[in-house]
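Next come two complexes built around chain A: one with chain B, the other with chain C.
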Partner chain A sequence: MSLLELDDVEVRYGSVRATHGISLRVEEAETVALVGSNGAGKSSTLKAIMGMAPVARGGVRLDGVPLNGLRPSQVVRRGVGYSPEGRRVFPMLSVLDNLRTGAFTLPRARFTARLEQVYAYFPRLKERPGQLAGSLSGGEQQMLAIARALMSCPRLFLLDEPSLGLAPVIVQRIGELITEIQRSEGLAVILAEQNALWAMRLAQRTAVIDLGRIQLEGPSEQLRHNEDVRRAYLGT
Partner chain B sequence: MSVSLLVPILFTGVSLSAIYILVALGFTLVFGIMRVVNFAHGEFAMMGGFALLFLLDRLAWPYWLALPLAALMVGVASLLPERFVFRRLYGQELPSMIAALGLSVVLAEGGIILFEVHERSLPSAFSGLIHIGGFTFPEDRLVVVAIALAALAAFWLFVRFTRIGLALRTVAQDREIAEAQGIDTRATYRVTFFLATTLAALGGALFAQIYALSPLMGQVPLMKAFIIVIIGGLGSVPGAALGGVLLGMSESFLNTFYGASVAQFASFGAIILLLVLRPWGLLGRPEG
Partner chain C sequence: MMTTRVLAMSASAGVSRARWAWLAAGAVALLVWPLFVNEPFFLHIATLALLYTIGAASLHLVLRIGHLSLGHAAFLGLGGYTSALLTTALSWPFAAAFIASGLVPAVVALIVGPIVLRLRGVYFVLITFTFGEVVRLVFTEWQSLTGGADGIFRIPPPHALLASKRAYYYFALAMAVACVGVVARILASQTGRFIDAIREGERLAQSSGVPILRFKVMVFAIACGLVGLQGSLLAHFITFVAPGAYAFNESLNLLVMNVIGGMGSLTGPLVGAVFLTALPEFLRGWVELQRFLYGVVLIIVMLFVPGGLVELGRRTIALVREPEGRDA
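What follows is the complex of A and B.
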C-alpha cells in the first residue's frame, strides 16, 4: 500500500472538466514531480487531494483510508500539508502569526519545539517574526508559505508552483531547501511545477500531465534524457 | 462655542458612538468573515432589549447580572438560525442576504405576536446624576458608555490575542487557505455569528435603556450599522470604529443645533456622496 493513492480522479467545475481521471501513487519519503504547462490540471489534482476541488469521480486514499468528503482542515489533520500556488500568505498577519495559523492541528504543547525546527530551515523568517507577511519579498513569502504548511508536521507535502515568479538564485535556494526538508523530515512531496527541468532535478519520479491526464510517468533521470519527452512536453 | 455647551454635546456623541459601534461591529464582522449581509442584525439588537426586560422585570435579577446574560442568551439563540439557515447558504451572497431579510421579518413579527407593537421603557437601573467639574451627567448614560467601551475593549483583546481570534483574522483574509492550513472555518463562522449577535444584543439592550423598547426597534440600529459600515468600509473593523465615532458625533452636533431632520438628512446625504465617490468606504478596500 502506498502512502497516497489517486484512482481515476476527475475534477469538475460545473461543466469544466479540469482533470479526466488522474491515477497516481506516492510512496513514503519520496518526491514526485507533477509537471505540465499552464492549465494542464496540476493545481486541480493537488486540490482534489486537499478536498478543495469538486471531485466528480474516482478516489483519493491516504494510508489506504479514503479522503473523499473530508473538509480541507480534516485532510490537514490526517497529515497532509499544502503550500498553494501564488503563496497566499496572510498579508495582514505577522510572520509569526502566519506560522501559528499552520499549527492549529498541532497539539499546543508541541508548538514551540516545532517552531524552532521550522525556523532552523528558514533563518530569514526567524529574524523577522513581527514583520507583516504582505511586506516580505516574493522569495520570503514563498518560504513563509512552505514554513506555514510545515508547522502541522505533515507526512505528505503538496507544493504548488514554488518557483513561480522568482529570480533564478532564489529558485535554486528554494530547491535546496525542499531537498533538505524532505530528507530530514522523511517527507513525501508532490511538487507541481511548470518549471519542469528544475522540478525533475529535485524529484526521484516524474509524472507529466497534459490536458487533464497523466501522459507518462517514470524515474526523473530517464524522462529527462528522453528526446521525445523533452520535445513534446518539456519545451526544450 | 462655549465649553458649557460643548461638553454635553461631546458626551452625547460619545455615548451614541459607543452604542453604534457595538451594533455595527457585529454587522461588519459577519460580512467580513462570513460574507453575509445580515439584514436581521437589528432584530438581534431588539431581542437583547427584550431579554434584558425579561430578566429585570420578571425575574428581578440585578442589572449587572441581567445585562451580560441577556446578551449571551441572544447570542446562544442565534446559533439556531446560523445552523439551520445560514450554514446552508455560505458562499452565496444573494441567497444568504434574502434569507437574512426573511429572518428579520420573522423575528420582528414574532416580537409583535409575543409583546405587541407598542413601545415600552426598561426599568431604569440608574437614575442619579453625577457631577464632574461643574458638569452634570446622567448616571445611566455614563454606565452605558462604560459598558460599551468595556465590551469593545474585550472584543479587541479577544481578536488580537487569542487563538480563536487569530482564526477569525485568517478567515477574514483568505477563507479557502485558512481551511487548507487546518483551521476549521465552520467553527469560526459559528463563533463569528455568536460574537456578532451578542454584541448587537448588548448594543440593543443599552439602546433600549436610553430610548425605548419595541419589536420594531431593530430597524434603527440596522440603519445606523449600514451607514457606519458604508462610511468605514463593509467588513473593516477599524472602519466600523471610525464610522461609529463620525456618525455619533455628527448626529449629536447636528441634533443639538439643527434638529433631528437635518441630522438624518446630513448623514444620508454623506452616504450617497461617499457611495458615489468612494464606494469601498474610508478604510475599506476596493473589491477585486
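What follows is the complex of A and C.
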C-alpha cells in the first residue's frame, strides 16, 4: 500500500473539467515531481487531495483510507501539508503568527519544539519573528510559505510552484532546502512545477501532466534524458 | 493573573508605559466625574455610550472575521426582549434573565451562523439585513408575546439600588469593561491571530488546517451573545423595549460606530460608540438639521480620515510631536 493513492481523479468546476482522470501513487519518503505547463491540471490535482476542489469522479486515499468528502482541516490533521501556489502568506501577520497559524493542528505542547526545528531550516525567519510577512522579500515569503505548511508536521507535503517568480539563486536555495527537509523528516513530497528541469533534479520520480491527464511517469533520471520528453514537455 | 498576562502581551506588542498611564488616567476619570457632575442628562448619555461600546465592540469581532453584518440590532433586540419578558411576565430575577439574554441570541447565532457565514461579501450583507428585518417583524407581529408595536413597558431596574442614574452609570461601566474586556481578550489571544488569518486569507487559513466555518460561527455566536447582553442592560435602563428600537437604522448605527471610530483596532468602535451616542445630543439644538449634519460628519470622516477617529487622533499627536509635519 502506498502512502498516497489517486485513482482516476476527475476535478470538475461546473462544466469545466480541470483534470480528466489522474492516477498517481506516492510512497513514503519519496519526492515526486508533477510537471506540466500552465493549466495542465497540477494545482487542481493538489487541491483535490486537500479537499479544496470538487472531485466528480475517482478517489484519493491516504494510507489506504479515503479522503473524499473530508474538509481541508481534516486532511491537514491526517498529515498532509499544503503550500499553495503564489507564495501565499498572511501579509499583515508577523512571521511568528504565520507559523502559529500553520501549527493550528499541532498540539500546543509540541509547538515550541517544532518551531525550533523549522527555524533550523530557515534561519532567516528566526532572525525576524516580529516582522510583518508582507514586508519580507519574495524569496523570504516563499520560505515562510513553506515553513508555515511544515509547522503541522506533515508526512505528505504538497508544494505548488515554489519557484515561481523567484531569482535563480533563490530557486536553487529553495531546492536545497526541500531536499534537506525531505531527508531529515522522511517526508513524502509532491512538487508541482512548471520549471520542470529544476523539479526533476529534486525528485526521484516524475509524472508529466498535460491536458488533465498524466501522460508519462517514471524515474526522473530516465525522463530527463528521453529526447521525446525533452522536446514535448521540457522545452529544450 | 489575567491582567499580568494581558500586560505581558501588550508589552511584547510594544505598548509603552506612557500608554498605560493614559489608560489609568482615563479609568480614574470615568470613575470620578459623576461624583462632581451629578447631572441626570449627562449621566444618561454617558450610560448609553457605555452600553453601546458593548454592541460596537461585538460587531467589531464580526468585522474582524471579514463579514459586514447589517443585522446586528436583531441580536440586540433578542437580548432586550428576552430580558424584558423574563423579568416582567415570568418575574425572573435580573441575574438569570441577564444570562438568558446573552444565551438566546448566541444560540440563534449558532443556528443561523452555519448558513449565513458561508456567504461572502455583499451576499452576507444582504442576508443579515433581511434577517434583521425578519426579526423586527416577529417583534411587531407576535403581539401575544411581545406586545406588538407598543412593545413591553415598566421593565424593572436590575436591582433596587440601581434605580438612580448615577448608580446605573457605574453598573454600566462595570458591565462595559467586562464585555469589552472579553472582546479584547479574544483579540489579544492566539484565537485573535487565527481570526486575523481567516480575514486575510481564508483559503490559506483553510489549507493550514483552520476549520474556518466553525471558527467564524464561534466568533459570531460570541459577538451576538455580547450584543444581547447590551440589549438587556439597555432595556432595563430605558425601562421599555419596542420593535422600532431594533430596526435597520440601529444595525447601521452599530456599523457606523465602527467605521467612524476606525476598523483597524478595538479602540475604533469604542471611540465611535461614544462619539455617535453623544453627537445626536449635541445636535439637538438643530432638530430639523440633525440627520443632515450627522450625514455630513459621516461623509467628512470617511472622505478625509478613512481610518476613523483613531487615525485622526494619531495624526494629531504626530503633528503635535513634530510640528513641521515632515513625512516619515
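Basically, the second predicted complex is superposed on the first by the 236 of 236 C-alpha atoms of A that agree within 3 Å, B and C clash if a C-alpha of one lies under 4 Å from a C-alpha of the other, contacts with A are read in each partner's own complex, and residues count from 1 in each chain.
Assume contacts are C-beta pairs under 8 Å (C-beta built on N, C-alpha and C of every residue); 3 or more make two chains touch, one makes a residue touch a chain.
Here the structure is a predicted model, which means the values were calculated and not measured.
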Task: Give one word, clash or fit, describing how chain B and chain C relate on chain A after superposing.
output: clash
Task: Using the touch definition from the top, say if A:105 reaches chain B (first), chain C (second), both or neither.
output: both
Message: Per the contact definition in the header, classify A:148: touching chain B only (first), chain C only (second), both, or neither.
response: both
- request: Figure out whether A:50 sits in contact with chain B (first) or chain C (second), or with both, or with neither.
  value: both
Task: In the overlay, answer first, second, both or neither for which of chain B and chain C A:97 touches.
output: both
Task: Give one of first, second, both or neither to describe whether A:122 is in contact with chain B, with chain C, with both, or with none.
output: neither
- request: Could you list which residues of chain A make contact with chain B in one structure and with chain C in the other?
  value: 50, 52, 71-73, 76-77, 82, 84, 88, 90-93, 97, 100-102, 104-105, 148-149, 152
- line: The residues of chain A that touch chain C in their complex are 50, 52, 71-73, 76-77, 82, 84, 88-93, 97-98, 100-102, 104-105, 148-149, 151-152
Task: Write out the stretch or stretches of chain A touching chain B in their complex.
output: 50, 52, 71-73, 76-77, 82, 84, 88, 90-93, 97, 100-105, 148-149, 152
Message: Considering only the defined contacts, which chain C positions touch chain A in the complex?
response: 190, 193-194, 196-197, 200-201, 203-212
Message: Please output the residues of chain B touching chain A within their complex, sorted ascending.
response: 163, 166-167, 169-170, 173-174, 176-186
